[in-house]
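These notes open a run of structures that come right after.
Below, subunit A partners subunit B and then partners subunit C, in two separate complexes.
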Partner chain A sequence: MSLIHEIDYGTPASTSEEAVTLTIDGFEVTVPVGTSLMRAAAEAGIQVPKLCATDMVKSFGSCRLCLVEIEGRRGTPASCTTPVAPDMVVHTQTPRLKEIRRGVMELYISDHPLDCLTCAANGDCELQDMAGEVGLRDVRYGYDGANHVKARDNGEANPRYRPKDESNPYFTFDPSKCIVCSRCVRACEEVQGTFALTIEGRGFGSVVAAGQDEAFLASECVSCGACVQACPTATLQEKSVIDNGLPEHARVTTCAYCGVGCSFKAEMRGEELIRMVPYKDGKANRGHSCVKGRFAYGYANHKDRILNPMIREKITDPWREVSWEEALAHTASEFRRIQHQYGRSALGGITSSRCTNEETFIVQKLVRAGFGNNNVDTCARVCHSPTGYGLKTTFGTSAGTQDFDSVEKTDVVILIGANPTDGHPVFASRLKKRLREGAKLIVIDPRRIDLVRSPHIEASYHLPLKPGSNVAILTALAHVVVTEGLFDEAFIRERCDWDEFQDWATFVSDPRNSPEEVEKISGVPAAAIRGAARLYATGGNGAVYYGLGVTEHSQGSTTVMAIANLAMATGNLGRPGVGVNPLRGQNNVQGSCDMGSFPHELPGYRHISDEATRDIFEKLWNVTLDDEPGLRIPNMLDAAVDGSFRGIYIQGEDILQSDPDTKHVAAGLAAMECVVVHDLFLNETANYAHVFLPGSTFLEKDGTFTNAERRINRVRRVMAPKNGYADWEVTQLLANALGCGWNYTHPREIMAEIAATTPSFAGVTYELLEKEGSVQWPCNDKAPTGTPVMHVGGFQRGKGKFVVTEYVATDEKTGPRFPLLLTTGRILTQYNVGAQTRRTANTVWHEEDRLEIHPHDAEQRGIKDGDWVRLASRSGETSLKARITDRVAPGVVYTTFHHPGTQANVITTDFSDWATNCPEYKVTAVQVALSNGPSDWQQEYEEQARQARRIAPAMEAAE
Partner chain B sequence: MSPDKLAYMANQIATFFKSRPEDEAAAGVADHINSFWEPRMRAKLFEILENGATGLDPLVVEAAPMIRQPKPERA
Partner chain C sequence: MTAQSGAADVAVRATAIVDANAALEGPLLPILHDLQDEFGCVPEEAVPVIANRLNLSRAEVHGVVSFYPDFHHSPSGRHVLKVCRAEACQSMGGEKIADRVRSALGIDWHETTPDGAVTLEPVYCLGLCSCAPAAMLDGEVTGRLDETRLAPLLDEARR
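== the complex of A and B ==
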């Protein structure tokens, strides 16, 4: 193994389909029109010296190192800014060029410290490389005189010198090493789209500055690291490299945070992870990352990580460390006892959307084949289960229709109930890039999210609807499309059921669904609804991207179907640039759903009642499968309280913190006799566990994750599991302790079983993934290298199905006791329940959950920014600090749920989606009042958690 | 699974299928419950139905004959 060196072509690829042939250094090269000379040379294998150019950003032409000579043209043009032309004859190395380049390098080096041996970038410095490449042997100008390098000159303070900025927890900014190539500034602008960096001053006085010349941490920098990656010197440098030195080998793997599924090079020294560098060939992220993926991996070594199995009789006992054998034998005997005593259906399992496809597949196999029932569910229950139901009903399959590249061809984006700059940051950067190129944006969200208005981005429409009125708004948009004749009749007649369309068209055309009527329900002005509908229907390629603000409602599934209706009616399906795109929360939530994690479905979304499908698995597994749907998570908890559900195996999932109505979850868990938690940490659910099986991180195992675009990406092991076993091995040990007799020796064998049983995965093998990098399912005989865009030419189910989507107001209503509506969400630097990110330096950005409240509502209650407030609903109450902001409308409050101390889910209720039981997190009627600090419940909870986490000291061996 | 909660869930399903044509509505409710409800949940629903269908939407009652009776559990 060695480091993975990706070629830097210097400038971005041209997308032109027209080709040009020219000659560079005697070689004939054919490249697309619009390609730079620098890139053409690189494609021919010739690297022109460069400093300010890199292929992640547009050419800039400032360093004057990449000069070339062109026959028949005067002067020495920069190869990065000169486009190719037919029959050009180019020379990249001539006596004149050599002399100029040395001169340029002399000037650079005369204002750069010569501490190469002790510099963190030693060996990984482009300035150093270029000095070598141009043959720099002398610096005629010396190192004295005006400079940015020395803090003091001749005893005097040097006004040009700026000290190192170490405010960011993950990287340093050392202006004394800066060569002002502007790569960081351009990366922040073009790749990330934050515009946090700039060049201050002019000429020799030019310096890079963050924000209003502030410390990085104080500026609007989002710490994505694109600038660090772009920096050719040690000016912007990872602290991990400063501390540990450079990596020596790398493997490509997939991030384990959100559903974007970015590809990274995990750069290692021995078994130590030195840094994560986004992989340019990664088709989801194209070389970009966010603060979580690039930097927040420290949890893997956190002191809280549990590395030994533990058991206890009662949840009030301290934990006792035991051997793997004892833990597994104990679990198996408890599970057998429970089934003997209470029946076969008294057990269940929860698969993890954090774990690999292979791991979730065998957890559902353990439940179906080992436990002999279908009581298996996954965290998608609480996030995208309505997507599964809604898209399967309308299109025939439960997945987003596009790849992320599709956004580059989109003209109008509707963004509903999603906040990508926080939740899916790398997709947000790709979206922002397209918006800066002129695409239009419609935001449907109760909050004024960043994308409504931020540097160089402004939504054409923001529809700040009242939480819970999604269906009404979407039907009103459809009303405008139909009544104004903006629908795509040819598309509908060809691809959808025309009769169903007509029924639906009659329904949406009813005056009660008009924007004017819906304004009364949603609070959104009718003119804005009409304008948005017209823009989406007539603005070119229209794409819908949505998140949990759509699904986590009583009418979540109805909303998904309303989105599908709208896309079908406007013909926005089946080609690049359009589609219906759920932004998935967790890294492998798509995969865990695909792998049969739902209690009614076998892998590949095939209902458990289907005999032919059961037959495939029964023959292979040599068991009889139960043909009845199993319990969903909320039903399991209900059944536990009722006494008929007694034991559960939970892999990588913290239901106590992430599921609604915490007290009900706690009661359900407390009622069980054997709760097995398989996780990295003693999470909140583990407070109610009897067995703890330590888990492994994504760095410690092989497998695959499937991201929001159905892309199956490899996860590659870069270090041995610190707990001894990868998670798939632990599940297999448990299955074998129960007598299943499995003998997988590598996850590739599990993938082979998935492919053999699941038509949409039929063509997937590790060899194919090695060759292609990644594939998007369906991947089979019809699509041997996968399917970037679905429903091309026709829908998976045959004809697209229009479904009537009657708006039904949620029963969660405001009233005198609870006059405000609470909605919940995420923040960039923290991830979900925070089990990982709270154990990294990301806490400097978000150390606690805050309640966002409008100044009007705050004023009425005498609340000032930073005050402790009590947040109460009919389910419970908690306390947290207020943040006063007009991002939320009057009447609406908002909080994140990353911190267990806040326990926002004490507040959320047990209302759920009618079709899937997906909880209604996004609407809770609440009251807010000043308080003195944490509530009694929070204090009791903290004490209970502290007691529950005690680990008994190991027994001393007798002498 | 309190009877109230189950009745509430069944009624939510009925509310959605009310927007279907009349001849499909009850079948839609039954099909949904057959597809997604575990036998224990269906058994509880039948208990509610036998005890006077208290709190149940008339469409759920209409769908009842089409809802599958849970089988006794396999050993």
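== the complex of A and C ==
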């Protein structure tokens, strides 16, 4: 193994389909029109010396190192800014060019420290490489003149010198090493789209500055790492490299945070992870990253991580560390006892959206084949289960229709109930890039998210609807499309059921669904609804991207179907640039759903009652499967309280913190006799556990994750599991302790079983993934390398189905006691329940959850910014600090749920989606009042958690 | 006036200036000129206001402001004396004139006399090479500078 060196072509690829042939250094090269000479040379294997060019940003032409000579043309043009032309004859190395390049390098080096041996970039520095390539032997100018290098010159402070900025927890900025190539500034603008950096001053006085010449941490910088990646010197350098030295080998793997599924090179030295560098060939991220995937991996080594199995009799006892054998034997005997005593259905399991497809597959296999029931569920229950239901009903497939590259061809984007700059940052950067190229944006969100307006981006329409009125708004958009004749009749007649369309059209055309009527429900001006509908229907390729603001409602499934209706009615399906795109929350939430994690579905979304499907698994597994759907998470908890459900195996999910109505979850868990938590940390759920099985991180195992675009990405083990076993091995050990007799030796064998049983995965093998990098399911005989865009030429289910989407207001209503609506979301630097990100330096950006409240509502209650407030709903109450902002409308408050101390889910109710039980997180009627600090419940909870996490000291000579 | 109310005042006046120019094509430079006329400088507090109104980042506005030596973050003296230090003036003894000015005013480049009377700035070419060495006081140029022509200029600047 060695480091993975990706070729830097110097300038981005041209998308032209027309080709040009020219000669470079005697070789004939054929490239697309618009390619730079530099890139054409690189494609022929010739690297022209360069400093300011890199293929992640557009050419700039400032370093004057990449000059070439062209026969028949005067001068020495820069190869990065000169496009190819037919029959050009180019020379990249001539006596004249050598002379010029050396002269340029002399000037650079005359204002650069000569500390290469002790520099963090030693061996990974393009300036050093170029000095070598141009044969720099001498700097005639010396080092005594004006410079940015020395803190003091001739005993006096050097006004040009600027000290190192170490404010960012993950990288440093050392201006003394800067060559002002402005690659960082351009990466921040073109790749990330934040525009946090600039070149300050002019001429020799030019320096890179963050914000208005402030510390990186104080500026708009979001710590995505694009500038660090772009920097050719040690000016912007990862602190992990400064501390540990350069990595020596690397493997490509997939980020374990959000559903974008970015590919990274995990760069290692021995078994130590030195840095994560986004992989250019990663088809989801195309070489970009965010602060979480790039930097926030320190949790893997955090002191809180549990590495030994533990058991205890009662949840009030301290934990006792035991061997794997003892823990597994104990669990197996408890599980057997429970089934013997209370019946087969008294056990269940929860699969994890954080674990691999292979791990999820065998957890559901353990439940169905080992426990002999279908009591398996997954955290997608609480996020995207309505997506699965809604898209399956309308299109025939429980997944998004596009790949992420599709956004590059989109003309109008409807973004609804999603906040990509925080939740899916790499997709947000790709979307912003497209918006800067001229695509239009419609934001439907109660909150003024960053994409509504931020540098160089402005939504054409922001519809700040009242939480809970999604269906009404979408039906009103459809009303405009139908009544103004903006629908695509040819598309509908060809691909959808025309009769169903007519029924639907009659329904949406009803005056009660007009924008003017819906304005009364949603608070959104009718004119804005009409304008947005016209733009989406007539603006070219229209794509809808949505998140949990759509699904986590009592009408979540209805909203998904309303989106599908709108896309079908406007013909926006079945080609690049359009489609319906759920932004999946977790790294493998798509995969965990695909793998049969729901109680009613076997892998591939096939109903458990389907005999033919059951037969496939029964033959292979040599068992008889229960043909009745099992219990969903909320039903398991209800059954536990009732006494019929007694034991559970929870892999990698913290239901106590992430599921609604915390007190009910706690009561359910407390009622069980054997709760087995398999996780990295003693999470909140583990406070109610009897067995703790330590988990492994994504760096410690092989497998696959499936991202929001159905892309199956490889996860590759770069270090041995610190806890001893990868998670799939732990599940197998548990299964075998129960007598299942499994013998998988590698996850590829589990994938082979998935492929053999699941049609949409039929063609997936580890060999194929190795060859292609990744594939998007369905991957089978019809699509041997996967399916980037679905429903091309026709829908998976046959004819697209229009579903009438009657708006039914949620039962959760505001009133005199609870006059405000609470909605919840995420913040960039924290992830989900925060188990990982809270254990990294990301806490410098977000150390606690805050309640966002409009100045008007705050003033009425006498609340000032930073005050402790009591947040109460019909379910419960908690306390947190207020942040006063007009991002939220009057009457709406907003918070995140990253910190267990906040206990936001004590507040949320147990209302849920009518079809899938997905909880209604996004609407809770609340009251807010000043308070003195944490509530009684928070204090009690804190104490209970502290008690529950005690670990008894290890006994001497336990062997 | 407290610092906070000062900043708020700057924001209000800056907003008015930005709004008055926002419809122009390429409004940033006219805005910066108007701010400089209003405040005698481009106050740092105005940068976020401009950035927000024009939908730019603070860094971008800062990059433009800092690019032009004529835009300052704090007000200059009552007079601004710019002495040319470009090649033509240097060849005609401009550096000696410049040294003379610095010692006579007791300040260095970019500094303002303690009484706030005059700020001394270098300039690189006033387009007056045929009459080098040259200088400019409050927008009015003087050529063929020597001791005799310099004295009244300095007197005026000190006023």
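Here is the rule we use: the second predicted complex is superposed on the first by the 956 of 959 C-alpha atoms of A that agree within 3 Å, B and C clash if a C-alpha of one lies under 4 Å from a C-alpha of the other, contacts with A are read in each partner's own complex, and residues count from 1 in each chain.
Following the convention adopted for this analysis, contacts are C-beta pairs under 8 Å (C-beta built on N, C-alpha and C of every residue); 3 or more make two chains touch, one makes a residue touch a chain.
This is a predicted model, so every value here is computed, not measured.
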item: First (subunit B), second (subunit C), both or neither touched by A:E220; value: second
item: Partner chain in contact with A:L851 - subunit B first, subunit C second, else both or neither; value: neither
item: Touched partner set for A:V68, first subunit B, second subunit C, both or neither; value: neither
item: Partner chain(s) touched by A:L197 [first = subunit B, second = subunit C, both, neither]; value: second
item: Partner, of subunit C and subunit B, that touches more residues belonging to subunit A; value: B
item: Subunit B versus subunit C as contact partner of A:I311, first or second or both or neither; value: neither
item: Subunit B versus subunit C as contact partner of A:A639, first or second or both or neither; value: first
item: First, second, both or neither for A:G211, with subunit B first and subunit C second; value: second
item: Doubly contacted subunit A residues - partners subunit C and subunit B; value: none
item: Residues on subunit C engaged by subunit A in the complex (per definition of touch); value: 44, 47, 51, 55-63, 66-67, 69
item: Residues of subunit B that touch subunit A when the two form their complex; value: 1-2, 5, 9, 12-13, 15-16, 18-21, 32, 34-41, 70-71, 73-75
item: Subunit A residues within the subunit C interface of the complex; value: 194-202, 209-213, 219-220, 453-458
item: Residues of subunit A that touch subunit B when the two form their complex; value: 343-345, 372, 374-375, 503, 507, 554, 558, 599-600, 607, 609, 626, 628-632, 635, 638-639, 642, 644, 804-806, 808, 910, 912, 914-917
